[in-house]
């Protein structure tokens, strides 16, 4: 089975980290292909960048030439998943949803710890649209930007652990979701510090994508995610970066 | 005062119809500038096309060189409004929200009548995110595509009136929102047929945008719609169409 | 166009302040008529006083003899709007709703700052009934009674600013609604202090009423707000004060 | 123990029917005093009439001179209960709430059958405000006005039974609440026809009021229902009818 | 009238305390029979113990040989009420629901003060399922286990009062529900300390059960609580303890 | 990896069918152990039977002597999952939740098709408690009892297909969940008939349990699902059937 995992930003090192994390949990026989969009922001932290990423991910995935069995969108709280679901037959899994639906099997309520405060409403809104918000105790921001996670991992861990601890103590979270693709790999460390299960969205998404493929399931095409009707679309596919 | 009104699709005649409708309700002294995106679908009827439109509208608005006081996004249930709000200081009004918030002043519950069934969940989701769904009795589809509205206006009226009547009778709607930019101008006719107030989103959006400007209000920049942080963004602004 | 703006309490100086505020935002050609009820409390701060005001406002508006195009009820969180909607054909706008629906165009969440703690549940309940509560971050009380706002404007500003700042910082509000008719005129000052848009309900209501009239819209009469059936009503219209 | 039961309309025969119904379920030692408002509509079927009734009931109850232990407001979906709660120390029970909270002990979901379609939103809104709407399967209108219930009891029964049957079959109601004070006494008959428990709000309210008194409970005065602050209130108490 | 009141745990002294509390509020002519389950935990503080109690209470009630008119399940936030409703014709009242529905007549919002933090989600979930959660301001834990309430009543009072005070001050509760059968009898003392009405669930349940019986109402059998279909049930009735 | 899958009823052939279905989707190296409770109903179709099953499943799982990595509770809409989560360290997956969370990856809304109408509220309530109800379009009953599914598979398919088709057409479901353990194996057939993805809860649960184990995740023990405190529990473990 081959799973494409699309980074939402154009920073290649993050793509590599995500793909590596995905491979570490993938079943034997699952091939993970990391994709970096050809345009968009070096890190995605807000609506404009997220909308641009939505299109850049669709563009990049459609340009992938080989066969594949599922697609993972590896951005936390980002736009675009529904567009991929329209364009593709294979299952599409967003890591925001994957972390949340996994967390709900392990505790009565979960919290998300993410990067900047400005992305909190995006994550809350995506979880609401996905129907996975009811058991969300809180979405908390560590105050660190995506790229700072890469530069100062030890500071990132401290900031994330602090918010995770407050989520458990004050918001009554029983599980923590790491709310950023760039946090991949920190889960075990944080689990030790907080004493509650910590969900890495990339890992969760890989197992869900594998499961959907294994059960022979694909996106429903009867209504919301029906294939776009044939029509004139100017400027698509995009030319940038090819 | 100058208001930009952005069509979400690339069909120039729809831009003209929208701008004309906007001008018919605009206050003396309000200048309406219709904008057609430089890329994207000729009509927007689903998530992929809507996400592409989101970026195309941002691209087109940013490329507008003169000063302006407010922006209207003239697509029903489309993505992208939050991105514009980040990029701009001036108020941004989506016609979906404008129709709904106006309808709520006139009746206890409103329904939306739109084009294709596949766009119903998009409209419902946008209204939920905007916090304007509580008094929504239903979103109903006429079954006619956007471009068919232009080609067969009399059939469009029949199909829309039928759904509007069922919304009033079965769903207990007391106001009808015309759920498509391309329906601009049909409101008076339909009002006569159904006996309830009919809201045209473009008209509603113009008056709301004017009001916000008149009160000196602009988008809050403290959190969700803060200006994007300076960073490297590949391929932006887009080159297509210039 | 003539708009009646009804104070909910019997304090004439508040009527004047409200009407003045309304005039400052009204479009050229809009005439504002301030109405003071002939009975009821000198300030409205609770359910009994609010119910009495509901009837007193209906009584006063019905007694107005000239023609008019819209009515504004200038009380925050008060009862009665639905009654006016039944009795009149012209649009009726409550300032609570007007402030909230306007705020939602400018930020992801809004808070209301009002007078006494006891009025907080009234405002929350009115926003819920109006379907405008979803994006409400909080309703906060400054602890100052309505009439104290008039007597000690500088203390009022301090108390309101403090609650507004906490709403932004703790409750994640991105817009502030001034939750009291008597606060009209403080908006600009508070905007400077808090850095977020501040909505004055009276101003918002004037622009909305003007817009509804301009679009030729009036209250839906098919169900909830249908004209009362002809029947014997003892003691109505009321005799007090004429 | 003495319980005042206030009719919301000015039709004396309805007061008598309500009081009789109340007496039929009252415990030994409970004295029922029926009160008819001194002003207001002969029947209450909409917001204007309901707001007027709210004040008329407060006026009538305050004018009652003897001691009493609890007050029942015997109107379905009417305004005003919160005002009485502010003005009085003794418990106040609205029959809308009483029927709903009683129904929830007997089935998973309940429906209300009321008179005219225009009162349906009032009942729904009151149940929402009272926090008793979650298990409401539907509110259905029989299409008969309040006074028609008195004039044509056999037609009323047929119309109510039909809606009750549809509520059970189509809306999955397991209990029926008779949504009108004037329906008092029909419960047993309708129970036989529909096979599900039928709640008469007056009876339910009497037992709840008695229970609250027996437990020595009274309205909380710390916030929402605190006694109105002393202030100048023009025209109150009202002079009409004395 | 005879009412069975079933303790959920196997501690006989708690049964006696509950029955005594029930008798203190019961109407003349109401006989209270306390039942202690024949198996299960000495105190119920979590899901496993609560599920076991659910079956133990059904087992014990079915084994009661005389006639009876209603059953009260005297555990806070426990499972099982729906099972009893299926097995019996007579009304079944859970003290969690009884306290909540009673509290809602006395204030705009109520809080529950219970024993251990781990039982908070159970209580919240039961209130949600019963449709009585909308007006719940908070569920707070005193940190004391059920049996500690019996051993150290003065410490229990202090811990409960502290949480009740915080519920009123911070969560805006206007009424307090004592969230544990073992707290029966502390209500008057706590009411004096907090100044708000305090509801004892056992007392509330007795008056509700009496009221339902007096009105001749019984559990609806059309759907959710229909009598179980005849089938082979191994090991039932249980043999333990007889 | 070894996964225990517990039937909720005492019909051995259903256990075998469930285990077979589980094995058909299990990954290489996953051992599936089917468990039949030692007491309880031959089929579970209501609250009493479901509560009894809750305890019987806990009893049976605790009596299993070998090591295991996860437990699946294979009943649709049944009680008990939270009890298992308290008693065990390993992940516990309920097939109701598994089907729903899987369906949400494939369509905008899902419906459940189950057996008898009386079990519909149980399923709805379980989905609400699990936080997976927001995207549920409907729960529909085929009208066939659990054991009839076994006896008349062809009639079962017809009845289920009819409800599935109505769910898609009338309720706008885009995915169907087979709402009964006994329906395992019918999914492919029904998928062909309805054209939408069909989720078998047992299969979904197996892949989710495997995924949780593979990621090294286990139930959070900080609050709701903390291990029961040591105390005297009469009659436990149960003796029946050993």
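We just call them A, B, C, D, E and F in the order they show up, numbering each chain from 1.
By definition in this document, a contact is a pair of C-beta atoms (placed from the backbone, for glycine too) under 8 Å apart; a residue touches a chain by one contact, two chains touch by 3 or more.
Please read all numbers here as calculations on a predicted model, not as lab measurements.
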item	value
Magnitude of the superposing rotation for chain A and chain E (Cα, nearest 5°)	120
Duplicate of the B-C contact set - from E-F, A-B or A-F, the pair where over half of the pairs recur	A-F
Distance between chain centroids, defined by C-alpha means - chain D, chain F (Å)	44
Where chain C and chain D are represented by their mean Cα positions, the distance between them in whole Å	29
Where chain C and chain F are represented by their mean Cα positions, the distance between them in whole Å	52
Multi-partner residues of chain C (each touching 2 or more other chains)	108, 121, 172, 223-225
Touch list for chain E against partner chain D, complex	25, 27, 91-93, 97, 101-102, 104-108, 130-135, 168, 172, 174-175, 195-197, 199-200, 203-204, 207-208, 210-212, 214-215, 217-220, 222-225
Residues on chain C engaged by chain D in the complex (per definition of touch)	10, 38-43, 45-52, 54-56, 58, 79-80, 82-83, 85-87, 117-118, 121-122, 125, 128-129, 145, 223-226, 228-229, 231-236, 238-241
